[in-house]
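Chain lettering (A, B and C) follows the sequence in which the chains are written, and residue indices restart at 1 in each chain.
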Amino acid sequence: MGVEDWLAGYDTNDLCIATAASHSSLQIFHGAKKLGFRTMAIIAGDRDLRYYDAFPEAKPDTVLRLDSYHDLIDLAPELRAQNVVIIPHGSLIEYMGAKDFTAIEVPVYGNRHVLDFESHRGKERAWLEEAGITMPREITDPKDIVEPVIVKYHGAKGGKGFFIAKNYHEYKRQIQEGEPHTIQEFVMGTRYYLHYFHSRIEEGGFRLEGDDGPLGDLQMLSIDRRDESNIDELNRIGSIKELQEAGIDPQFVVTGNIPMVIRESLLPKVFQMGEGVVRESYKRFGGLWGPFCLETIVTPDLEFKVFEISARIVAGTNPFIQGSPYSEMVEPGLSTGKRIAQDLHKAAGQGTLGLVCT
Amino acid sequence: MGVEDWLAGYDTNDLCIATAASHSSLQIFHGAKKLGFRTMAIIAGDRDLRYYDAFPEAKPDTVLRLDSYHDLIDLAPELRAQNVVIIPHGSLIEYMGAKDFTAIEVPVYGNRHVLDFESHRGKERAWLEEAGITMPREITDPKDIVEPVIVKYHGAKGGKGFFIAKNYHEYKRQIQEGEPHTIQEFVMGTRYYLHYFHSRIEEGGFRLEGDDGPLGDLQMLSIDRRDESNIDELNRIGSIKELQEAGIDPQFVVTGNIPMVIRESLLPKVFQMGEGVVRESYKRFGGLWGPFCLETIVTPDLEFKVFEISARIVAGTNPFIQGSPYSEMVEPGLSTGKRIAQDLHKAAGQGTLGLVCT
Amino acid sequence: MGVEDWLAGYDTNDLCIATAASHSSLQIFHGAKKLGFRTMAIIAGDRDLRYYDAFPEAKPDTVLRLDSYHDLIDLAPELRAQNVVIIPHGSLIEYMGAKDFTAIEVPVYGNRHVLDFESHRGKERAWLEEAGITMPREITDPKDIVEPVIVKYHGAKGGKGFFIAKNYHEYKRQIQEGEPHTIQEFVMGTRYYLHYFHSRIEEGGFRLEGDDGPLGDLQMLSIDRRDESNIDELNRIGSIKELQEAGIDPQFVVTGNIPMVIRESLLPKVFQMGEGVVRESYKRFGGLWGPFCLETIVTPDLEFKVFEISARIVAGTNPFIQGSPYSEMVEPGLSTGKRIAQDLHKAAGQGTLGLVCT
């Protein structure tokens, strides 16, 4: 049984867009409602969801309250009976775990199998580097730290516990022994989070050509910068070094987002990077489509270093529920949430939901 | 004589929205004009107001030029004859002083009596803490400073003279002896200024229940970060400590605002805080309604510390004259200025201006 | 032969707006298309312009691909045959050089002769200071450096190589001997890039009076802050001093832009500065019209220091392709690119293109 079997029983004129009640759910529901879809928020536990009441244009039609997100596995038949399509976001996957999320027998927008590549640092690096992207150097032996590095614990949520070290001594002082982690060159430059959208079923716009024919089109809908607590306002009190000497370590927990635009002369490279990632994804695992994000640093030499890919909608698109300076040149008021809904709406209309869901 | 008496003589189909020509007046007038109100800018002295000419959709219909804002007291009968409703903002109150502002015999949108609570640090703290809000710790004896604190002079304008100290020595070096001030824990995290709106006369949306029945609804329309000179760009030259060693002290004067969004998983708490503040305000002083702002820091543990409340429109709403990502999900293009005008328009239409004005 | 002669052969109902494919070209084309103009992107070399395909509302009708931008000189007759009006931006002028750009025999929107004043630091300073603007102090002898200064190489692109020094020693360590440069007081405060627009042919709005009659009107359409790599995120790793001790020097290469608003009480001064600059421009070189930008620092005393003028559209307007909080009060959705197109459209309609082009 696969997505085509599940979809065979769907009334595609009456789809219900579902996602977990967090992250970018307001944007996803707002977009879905614009295209006339029913909407469903999924929540585990007794979390207070009254905030939806304050945003009537985004408020989901129904709330599915569970004991645990893992219950979605067993509820699949009921969800399918309601013509549910799940829009994945980082929090949903974090809550369910990659294994359970991949196993859920309900149509998921996008390619759920990208998770194998995204969560495996080796596979991710091979994919992106083959796509022509430059990533920060990785250091395997901490004794080799001779310039600034950032240390990231595997599977850490929202940057929790990440730290910067400029030498082995600083690394040693901060590392939690025994925790699996990655040591990455700390690239000095300015951060731009590029929000792409690749449709498999659109033919206009920026066209992607694969080895076996056209792959659809590519858009870049908006750009943000993540705002991280406490690192992004520590400068108001002292330098990292001064604070560390006072026993205060910087932290990198995402708390919000700031809208940005990038220098226009960098756009050719922005699109080349997005194109490379998508083309290579078809070669490796059947494709990455829908929204994705390259998390980049632009150096003073105007070169991109990509430190991460998010293979679905990122919360950094939330400043653009009204549209962005970039999406304005596609269609006024276009958010990533609405773009997802458009793709599903077109697929439903032409009977190709099986192409955009897995 | 009270607001009901003043309003008895009003032609409520021909109200005039007035405020001082500064702060957020463009936004207030822009919103008022959208709802068809007449508008009046109040200004003391010979300040150049030609900038209004450059913004025709916000330009006030009339300008009332005074020698001093205190003249408003005597002009009350004439203002009432023109069906004036005053929208208060921080600059108007600063110019007039709390005492004179409270005494003006003209309908004021919102509860003017909140000023007693807001300007008295003890009352403000009791109100907010009872509302379930966590504020930064206060230090009464400067000798107890063992971690970063921010020192604020009472009644200081726009952050003028505020300073950070990490110990008693740094405090001693910077304090202006004899000036009344508060010493507050300097919370490390990222700042989010949350722009709420509570209507007493709306029943939809996020409903507030009081002990004696419904209180109306609550919205969160936008979020900004204040930009302060020179603290917010000092990092371009050195750390605070390095600069202080060179005889340069940081300053905290508000010069502008940057649009932000906050992590969606924090929204339940955002609304719980707003709800607590409003409910408690009815118990203590008859209610806080219209726009208000909680000025917060989000810590790396994703907890809010609230360092201030502004019980009226804040200039941080100015980036959103076109609407915000949040207000887009209420009504496209909705600013706080327009929301105020909507509330007045509805109250005027149903004969309940006395409920929204004092 | 001058602009009137060239325009004599034009079909002014069928103008083609042309600019170099970079900088703010998306915005310029997006605005031009809204007013119904044909559009043309000019590009030298084999740069990848497929990114235009992703923005259909901005995609130029034609691309003129050259070996070198200097070829535009010889192509002037052909461009005129297509009724081309060139919109200059910083990259086009940088690519062509001021001399070639000034010599091109095609109508250019705005006053091309401003370049003489803008590129000559002495003339620029005399113009702005006479206009009532305060600029950072210049230091002629590096031995006089006793407070923070910024050192800028002449003609440096995008801030490349700029550095900060707090004394002669730091200057000496960083300076590239033999390179012509300017030493400027480093003003401590927050940066605001003010985007003005002056139309010679509009009479409404903020009116400018010249010595010999009205000069047209003045607008302020938006404000941004430039984002510079790596200076604007260095604080995430250490203070400038700490980094310099580790052999890492800060750099000031523009990589993007962040939207801002400024404290409303500063707007009277914002317009006075803009007014002074325009009035003085008519006295000195026949006028500065169309878009221009004052690049300012607001000190904690709420005073403006202007460190640069850009006498044409700046890339800092790119966050506002949807309009800005300020332009919303002029006309919803108004960008600087659209404002340029409006000015040309009106001039074409009333037969005064020769007033707005040179």
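Operating definition for what follows: contacts are C-beta pairs under 8 Å (C-beta built on N, C-alpha and C of every residue); 3 or more make two chains touch, one makes a residue touch a chain.
Model, not experiment: these values are computed from the prediction.
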* Structure fact -> Superposing the Cα trace of subunit B on that of its twin subunit C calls for a rotation in degrees, to the nearest 5, of 120
* Since subunit A and subunit B are copies that touch, is their contact same (over half of the numbers shared) or different (under half)? -> different
* **Gap in Å, rounded to a whole number, between the CA centres of subunit B and subunit A** => 35
* Structure fact -> By the touch definition above, subunit A meets two or more other chains at residues 232, 234-235, 239, 242, 258-259, 322
* Structure fact -> In the complex, subunit A touches subunit C at residues 148, 164, 166, 186, 188-192, 204-207, 217-220, 223, 225, 231-232, 234-235, 239-242, 250, 258-268, 270-272, 298-302, 322-326, 328-332
* Asked: Residues of subunit A touching subunit B in their complex?
  -> 22-26, 30, 47-51, 53-58, 91, 160, 227-230, 232-239, 242, 246, 248, 251, 253-259, 315, 318-322, 333
